[in-house]
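Both complexes below contain chain A, partnered by chain B and then by chain C.
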Partner chain A sequence: MIGRRALIGLAAGLAMTTSFTAPAISQETFKVGLILPMTGPFASTGRQVEAGARAYMAAHGDTAAGKTVELIVRDDAGTADQTRRLAQELVVNEEVDALAGFGLTPLALAAGSIATQAKVPAVVMAAATSVITEESEYFVRTSGTLPQSAVPVATWAGENDIQSVVTLVSDYGPGIDAETWFTKEFTDNGGEILEAVRVPLQNPDFAPFLQRVRDAEPDAVFVFLPSGAGSLFMRQFANRGLGEAGIRLIATGDVTDDDILNEMGDPALGAITGHFYSAAHDSPENEAFVSAFKEANDGMRPNFMAIGGYDGMQALYAALEKTEGDTSGDALMEALKGLSWTSPRGPVSIDPETRDIVQNIYMREVKSVDGELYNVEFETYEAVKDPVKAQAAD
Partner chain B sequence: MLTILFDGIAYGMLLFILACGLTITLGLMNFINLAHGAFAMAGGYITVVLLNRYGVSFYLCLPIAFFAVAAVGALLERTLYRHLYDAPHLDQVLFSVGLVFMAIAAADYFMGGQQQLINLPDELRGRFEFMGADIGRYRLFIIGCCAVLAIALQLALTRTRFGSQLRAAVDDGRVARGLGINVPLVFALTFALGSGLAGLGGAIGAEMLGLDPNFPLKFMIYFLIVVSVGGTSSITGPFLAALLLGIADVAGKYYAPQVGAFVIYAVMVLVLIVRPHGLFSREGGR
Partner chain C sequence: MSETRTSSTAAADQLVSRTRWRAFEVALWLSAVAVIFLLPSKMLLFTEIAILALFAISLDLVLGYAGIVSLGHAAFFGLGAYSAGLFAKHVFGDPTLGLLVAGLASAAFGFLTSFLVLRGSDLTRLMTTLGIALMLGELANRLDSVTGGADGLTGVTMRPILGLFEFDLWGRNGYIYSLIVLFVLTMLARRIVHSPFGLSLRAIKSNPVRAAMVAVPSNKRLVTIYTVAAAYAGIAGALLTQTTGFVSLDVLAFHRSADVLLVLVLGGVGYLYGGIIGAIIFTLLRDVLSELTPQYWMFWIGLILVAIVLTGRDRLTRLGSWRPARQAGGTR
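Right, the complex of A and B next:
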């Protein structure tokens, strides 16, 4: 134990000497500490977000307001105490100017108090529970919230002849968020929720839950599941013949994640989802983003997490330009509030009140385009705010 | 009702295929191999690669997965595992958990962290109605495979010369060697069989359970539950245990979704309170 302490002390000492010998460089660099799950069950999230952030830097250079932007990637393996420790290390030892990443809600929440105490902006690039940005004044989000996607899906369902729905969500924060807000919007519009099914997060077999849905005979089933589980669900949904029984599948875009959509095959065809990004979004910005991303990542398709990473960097670059190189946390936060830009996903802005992203939510259908499956957008709900905070403000 | 029963049986059978290899290594060889799931994962990935990249028929993939993983198992047994047969159980646990983490990292490195999906042949997709129950074709296939497997294993272990050699080697290695039984060979073959079964289970289970690098850890609990509830002295024990747990799990989740996830653990606790050595245990066995 003593030996280990001594080693850590030595390492810390070395780290300090190196940072003292090169002070001129550190003033000119803008360090972003990117904390992501790069290993463990959520590794694909980390991979996508990092690739998205790097794609932005590859396309727009690594300088902003005369400073060199440097990414320092750390792996928290999807455990919250690690996220917190890494955030602290990055702030104290690396003296980062901004934190970013955060693959899951608990991970983001764990880092909130560090951001507040250190007065360092923390850009949430993936986690999607509404409450995160209320945890710290220094959180800003470039991904989206689940209620933001779930409410437009409910509105659309009400307008399209869907009168009764069974909801099926993963039993954790984002799932409950999605269920609550879908239900609220759908019943306000006169729809009926026949049953609310919650699936344990670690669930190998969907058979009993799907059978429950089938027996309830709804017009549609509304689904939120994290992307890996989502693809299994799609398979079993098709195999159980729910589609033949006249039950439509509506979901948030996590279920038809672009990263693995193509491998889901025919069972995914026709699924209706609402979300903020599709790799098939029709705009020149997106076309450039998708082709550059695929080239840099061995053909991997960007998904909604990659765009969160991309726009997170975009927001930091823009904020830095706006402060003309002032890297103090408060100046950056002021600059971030109210920013707006054209992202590959469409027009977006940062709500100055809530620091949450305001963006279009697209209704999409899974279709085969040139032999590959894509979420093809067919309807747009413009400039949707996070409904949870919008309601609290009323 | 019948549908739920059918789904439960299919799920239980799948658990059995995955866990029976562990029954063999743990119960017969008395080696705590927590890396069992890693062998299952290997079988799953072999199937995914062969099926999706090279277009090999699914029915051919299953035996390939079995033999390939068995070969890997035999290799590891010769190079690594055999040094730990006489080690305390804690050492075996630490060693095999270490292997699990290496396997996870390797799978992530070579195959990526995302969920892998396999494309079943058309005749195994979909479902049909039979006596008012919805029968999923693939689930029926699983039940069939499992029944054949269970019978074959039971016969192999109790009726063949190899089975009695194995039991002799486990019960008293020195005497068995004295009688001319090649104990290291018997152990190597048995370990290969256990690993191969895991590989087969992974290949069959990939469609229902999904496959990602975290597979060994995610399902380790389920293997252990099946083996501890079933007892390790026979194939029948884990078979019935897997059936019981599968049906309890599916029915619990269907009829009481709020608490459904706990049913499988509640059943385990109850069984172990009443019968601490599992449903079927050999008195005086090790």
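Right, the complex of A and C next:
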């Protein structure tokens, strides 16, 4: 540990000497290094986040506190050591004032020590495992955590006559997070978990698992799947006749991701999900965001990742205004803590203690609106914090 | 009588001249040192090249010299990466000791699996190596209490190299360290492939039956080279862990095995520098293209790779082969 501290000192010293050599540039531009999976299996995440970040800049101009904000986009293809190398290069060569993006948990974790060493704020715009913000003091999250969505779904289920549930999650970190926190909240409220099913992450065939769900005869099945796997699941859910058997579908919003919801078709109708963003959220801010976003991206609908990118830029702009143009990492971090604003998703703020986002979680039902499928919100749990850290603080 | 004498001395001369240093080798290593001073901002990229080159040399030892095709070479790379990470995290953070541990762990695993790989033909070998890598990958995913699972292994803190040189944020010491390891191991590999042992491997590769008839114990030789190559791959993986301070599941992913095969084919199979040259071309291409177009660089790299392999590969290797060895014939 001492070695690392000395290293940080050394790095900081060197950073100071290099910044003296190029003061003209760093004074006028505020560089944001956006590292995202733009190719490979998670390319859709990268596309949405980047489009979201660009939508904010298009709507609010590219200057904040008198500085020109510049985005430098890099592709890490979803590979952690690439994320780390790119973060390091952006800090050292491009002298970025902030890092952002991070499509998946391991990618964010790999870059954590760079943010700490270089004292550069790193805005997590997509990755959703609770633990990330604890990895570095310089992480701020503008997406959300899985337990944050899973717990309100469990609360709602308990309040709405659902007494027994089978959980069905993808078998990896976030899936297990979702299962754990849903189960905890649901059983605390007197519900019963009949069975916990875990599905392999890669190339899943849900049919045998859905049969197990059906045999257990629960009131509802709680589902978490990474965005993208949802359409196949919906089709098989309908084919197996689980809906007719009276089993309700409750899930986190990743399953009915706005980006692909429309292609799921009728089987998705009636699914109840809890999440922080729906493209159908009823507010003037969201209306403006959705129409501008669609226009700039060939009619692509923004999903919860796009809003993470949008709000990440919003947070950086606001922090820069607050420091009146001071771009040092520590000043920016201080400014980011406790920040609050009205996002297209509703009111949000950055928890000054955990640097995680505090936001409303909405219960939504998939309905057909003007011939298109949307997650229509019908109930709101206000200002939900990440339950993992909230519990740790108790 | 005198005729056979001259031909045998000529053959001996050829063998000796093969081991001689060539101009391009000297130039390559000198430029590798020169970039430390000329391109200080690109140290991380060069570190990546050095690691990939070492990994490719490891594959060249089994594929180029012993003719064992492998689609799962990342198994050893990943095992080395995790061994180095776990060793640094739980036992001792000294980098050189970590390399040794990772190399030994991978060598042991290579030795054990070599017996599976030796059974069967090329197609079986492809499947066996692929299967072993997939199994290790799933194991690392499953044992998340040890490996961190899908979240990756965090908290790997390295001590300074030899107690003197810190891994700095600029990656300079990390590069020098990786370069030295690459140099030492390349020299060792050079020694191995030019030794009688290495020649016997080539004999096995070109005609196993004939090799057996002149009393070359082919299985034993293959086990040995497979184990050595596994150690090389493990050390490459360990270098990655040590220079990044992080291990994630993708060190065991299929794309690593595929990439390294691509690198080797690109640079030329069966002469150690092919791995190094391939790694340089592949990594630089990817870096330049992905900066130009973060979304569509895969398309361009695919196109360029096909073009290089179809038309330019021969010329590329010929550039690197003012090697007099060609006319010896037969061995390749």
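Just so we're on the same page, the second predicted complex is superposed on the first by the 368 of 394 C-alpha atoms of A that agree within 3 Å, B and C clash if a C-alpha of one lies under 4 Å from a C-alpha of the other, contacts with A are read in each partner's own complex, and residues count from 1 in each chain.
Keep this in mind: a residue touches a chain if its C-beta (ideal position, glycine included) is under 8 Å from a C-beta of that chain, and two chains touch if they have at least 3 such contacts.
Given the structure is predicted, the values throughout are model-derived calculations rather than measurements.
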| item | value |
| --- | --- |
| Touched partner set for A:205, first chain B, second chain C, both or neither | first |
| Contacts of A:197 with chain B and chain C, given as first, second, both or neither | first |
| Partner chain in contact with A:118 - chain B first, chain C second, else both or neither | second |
| First, second, both or neither for A:264, with chain B first and chain C second | first |
| Touched partner set for A:85, first chain B, second chain C, both or neither | second |
| Contacts of A:39 with chain B and chain C, given as first, second, both or neither | both |
| First (chain B), second (chain C), both or neither touched by A:229 | first |
| First (chain B), second (chain C), both or neither touched by A:239 | first |
| Residues of chain A contacting chain B in one complex and chain C in the other | 39, 43, 47 |
| Footprint of chain A on chain B - complex, ascending | 3-4, 7, 10-11, 52, 105, 108, 112-117, 119, 125-127, 134, 136, 138, 207-210, 212-214, 218-219, 222, 249-254, 257-258, 260-261 |
| Chain C to chain A touching residues, read off their complex | 41-42, 44-45, 48, 141, 144, 149-152, 154, 157-160, 166-171, 240, 244-246, 248-251, 290-291, 294-295, 297-298 |
| Parts of chain A lying in touch with chain C, wherever the complex brings them together | 1, 3-4, 6-7, 10-11, 14, 36, 38-39, 43, 47, 73-75, 78-81, 84-85, 88-89, 91-93, 105-106, 109-110, 112-114, 117-118, 129, 131, 135, 172-173, 201 |
| Chain B-facing residues of chain A, complex | 39-44, 47, 197-198, 200, 202-205, 207-209, 211-212, 227-229, 231-232, 235-236, 238-241, 259-260, 263-265 |
